[in-house]
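Chain naming follows the written order as A, B, C and D, and within any one chain the residues start at number 1.
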């Protein structure tokens, strides 16, 4: 069963320097509070996995937490570039990072295969794309029944996955609702998992087939109200599109970014 | 978009002699009314696919509709044997049928792969089992990343899939709730699909991530209240365990079965 | 044998005691389901029961007749699709114990639920594999419970539906990502466990009042007995009361419909 | 160019008209989303809009800023997981039209959204592939909409993120289970379609008031014009009014948060 831990405790226990970390949430339910705690604890050399790095990884990369990024779409949604990611890739600031890029379909399948305990995912993908030329993890196999050539990618098996969700009950069972992304797969694919939630409730009060992640597959449940801001939590608060737009100016400039980090992450302390 | 058809019309339009037909519903929501209509229309030479043949295929096999059965568990749940299936396999009555058998995991994966448009499913399965010796559709592949030997089976792509569900809205969108089995996969894997429902409603009135099959992937929606009896429809009526037990005596005897078929299927007429 | 309980009750209680609290258990219909729910209602209130119909962490008030009874869904934490059940929960390695029955079992704990006789011309056609073949591969370990008889405990199963340790006892050797396989077989006479080296089943515990000869007589191969053969602990009153109430509730519930 | 509408409006309306009622369309953020929703609000009320965040049959009242705005989920028939989206809906062949943008496009309609320059030392690092590479393979056909300029319409893309017809125009030949690929490119100047034989893009329709020279000037390769070059039909008042109201609603909605 999941332990109920504070945010600092869950991060210090499960996010180890050098670990492979997946923090998921597809535009919705992005675990920003957990990302900020990782920055505050000055975790280093992480391999960060996420379909859409979004602002959360832009911040963590700018803060120097990452050694490598595995992703499939690295922009500021609806706004433009992730300038901290670009600065690291193009200019090596604060240090160079390695990138490994996929398509969304391949990453979604790789998370799914990880949750399914398989070593690989198979998809009809990457035909005619240059991505297999720059990503040596993309291979092709032949279907033994039809002879069709299909793409194969290794499944994703993070050391730790971190997601945010609406609520947990007292046994640590978690309800994820709305745009559910690959969150359940990320948790099931990982060796350890941390779920931050808006609140703890007596009963999840959901339909018979709702997306519930049982407490007994989660390592730590952490209450972090507002923990997905500036992204959103369906049923709790909307996305701050303004922050996403404002981020563009902050992230374009190393000094502005560093000042933002000091004021809004380091000075802030535990967000749970 | 789905056409709203009567049960006789949907069966006569989409279930063609010689077709490959999957009728799914895992103990719950078994489309008996549709099965009876297939018997009444004297469809022949069908390849019947179903994880658990259950009474519905016992009846259809006994009535002479089947040429071949693809399945993974062929019993009367909690009661014993399917005597019509055994009579066909062991004694060739009313005629011999071919069987191809899998494990549940393989069939569930094969439906999933069919829905996913893939020619094959890959699973960690069949190790040490004799099933691959009697089913030439089970092969093994080597993972190009780890070298692990994994089982491969062809995906299931029926000519037509038939499932029962709670309700449809006026656009033919269908809600399936409770034990959802492989019903959505069966519909998505098939070229054509028929969904029988308890009722048509104004709005499906369900959670944001409910199991909804959109009307535009369904060929025909048919109102058939009680269409899953003697199995059950969550929220509508319970399973008739008594009928499942009574079936044992009916099905053991060819004459008793034929009399039952005459009285309860042929004499009954359209069940929608 | 005591007059306090039947051999069947002894078997169910012993099987239920094998399950530990908080373990996740994939439950087959029949004896396994009876034992697993008894465990949940006695010493293992937080055992996680999972049925292949997709019901996760279910707490049925009466025993299900089928693997997909409405009761299983209504009392579950959540219900997932059957592909998800086999992909994420079984193959994903989330099940500690697979709890199975069988029609035949051999000395290496291979299970047959496919047929008696020859595949092309079966004497008796049985239901088939269902969820068992992959449970035997993907769960942490397998418990088997079934009644002891020579028809069931055979020298060689007619068909290996579900692997125990293979025809030679070595089927799991050097196979990556495979579970421990059958770790105990609980019958109405005794408990058997595989020899750590050869994987051949041997009796490690006799139920009170059962003689070695009774087991030898009911077993289709030259069964071995452990050097430190134990006597199985007897059911206590609470277990017997709980089991009887469960079976009475179940009989009453299913009689009406 | 008319004073009734801008070149951008001409582009969006033309793109929207390419979508037919009841088609299912996988919608990219930005221009494709604007065009697809305009279609839904005008001639194609039953067009099925699908966003890669898992929202099936969504009817947003305002245009989403991101691919996963709450508005998309709240107005959807249902929302599925992202693995299901790519497995059952995209790869499963349930999408008629994939509606894409790009940073670069070449004469064989190959798309680049990865980077400008060299992969190891990029001049500009772009977001990457996202959902596009498999959309180009698995949907029935692809519509592309983007503004015409020499920076965008290039002789050879720096990186083929998403295949059109390959560097030689033959990438789809004899490939099983692959969609038709790009069937039209809609810009603010014209509509291009692939030559049925060579798959090279050629202009099949010029927007009213646009000259051949303007297109030649804005295209990085020696662009060809169809023998029966048409003039694109102009937006009607209802389309313009609907588009402007949609954009005003959208601007108002996103300004506050």
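By our rule, contacts are C-beta pairs under 8 Å (C-beta built on N, C-alpha and C of every residue); 3 or more make two chains touch, one makes a residue touch a chain.
Predicted, not measured: the structure shown is a model, and the values here were computed from it.
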item: Co-neighbours of subunit D and subunit C - touch as defined; value: A, B
item: Identity of the chain that, by mean CA position, is farthest from subunit C; value: D
item: Separation of subunit A from subunit B, taking each centre as the mean of its C-alpha atoms, in whole Å; value: 39
item: Rounded Å distance, subunit A centre to subunit D centre (Cα mean); value: 28
item: Subunit D, residues touching no fewer than two other chains; value: 73, 79-80, 87, 91, 138, 177
item: Per-residue overlap in subunit B, given as positions that touch at least 2 other chains; value: 112, 117-118, 123-124, 146, 148, 178, 180, 184-185, 206, 208-211, 234
item: Chain contact topology (line, ring, star, complete or other); value: other
item: Full enumeration of touching chain pairs; value: A-B, A-C, A-D, B-C, B-D
item: Complex contact set, residues of subunit B against subunit A; value: 117-120, 122-124, 137, 139, 141, 143-146, 148, 150, 152, 154, 177-178, 180, 206-211, 234
item: Of subunit A, residues touching subunit C in the complex; value: 1, 112, 115-118, 173, 184-185, 188, 206, 208-212, 214, 216-217
item: Residues of subunit B that touch subunit C when the two form their complex; value: 26-28, 51-52, 71-75, 77-79, 81-82, 85-86, 89-90, 101-106, 108-109, 111-112, 123-131, 134, 146, 148, 178-182, 184-185, 211, 232, 234, 238-242, 244
item: Subunit B contact footprint on subunit C (complex, rising order); value: 29-30, 52-55, 64-70, 72-73, 79-83, 85-87, 90-91, 110, 114, 119, 122, 125-134, 136-138, 159-163, 166, 171-172, 175-178, 254, 257
item: Subunit C - residues contacting subunit A, complex; value: 22, 24, 46, 48, 56-57, 73-74, 76-80, 87-88, 91-94, 138, 177
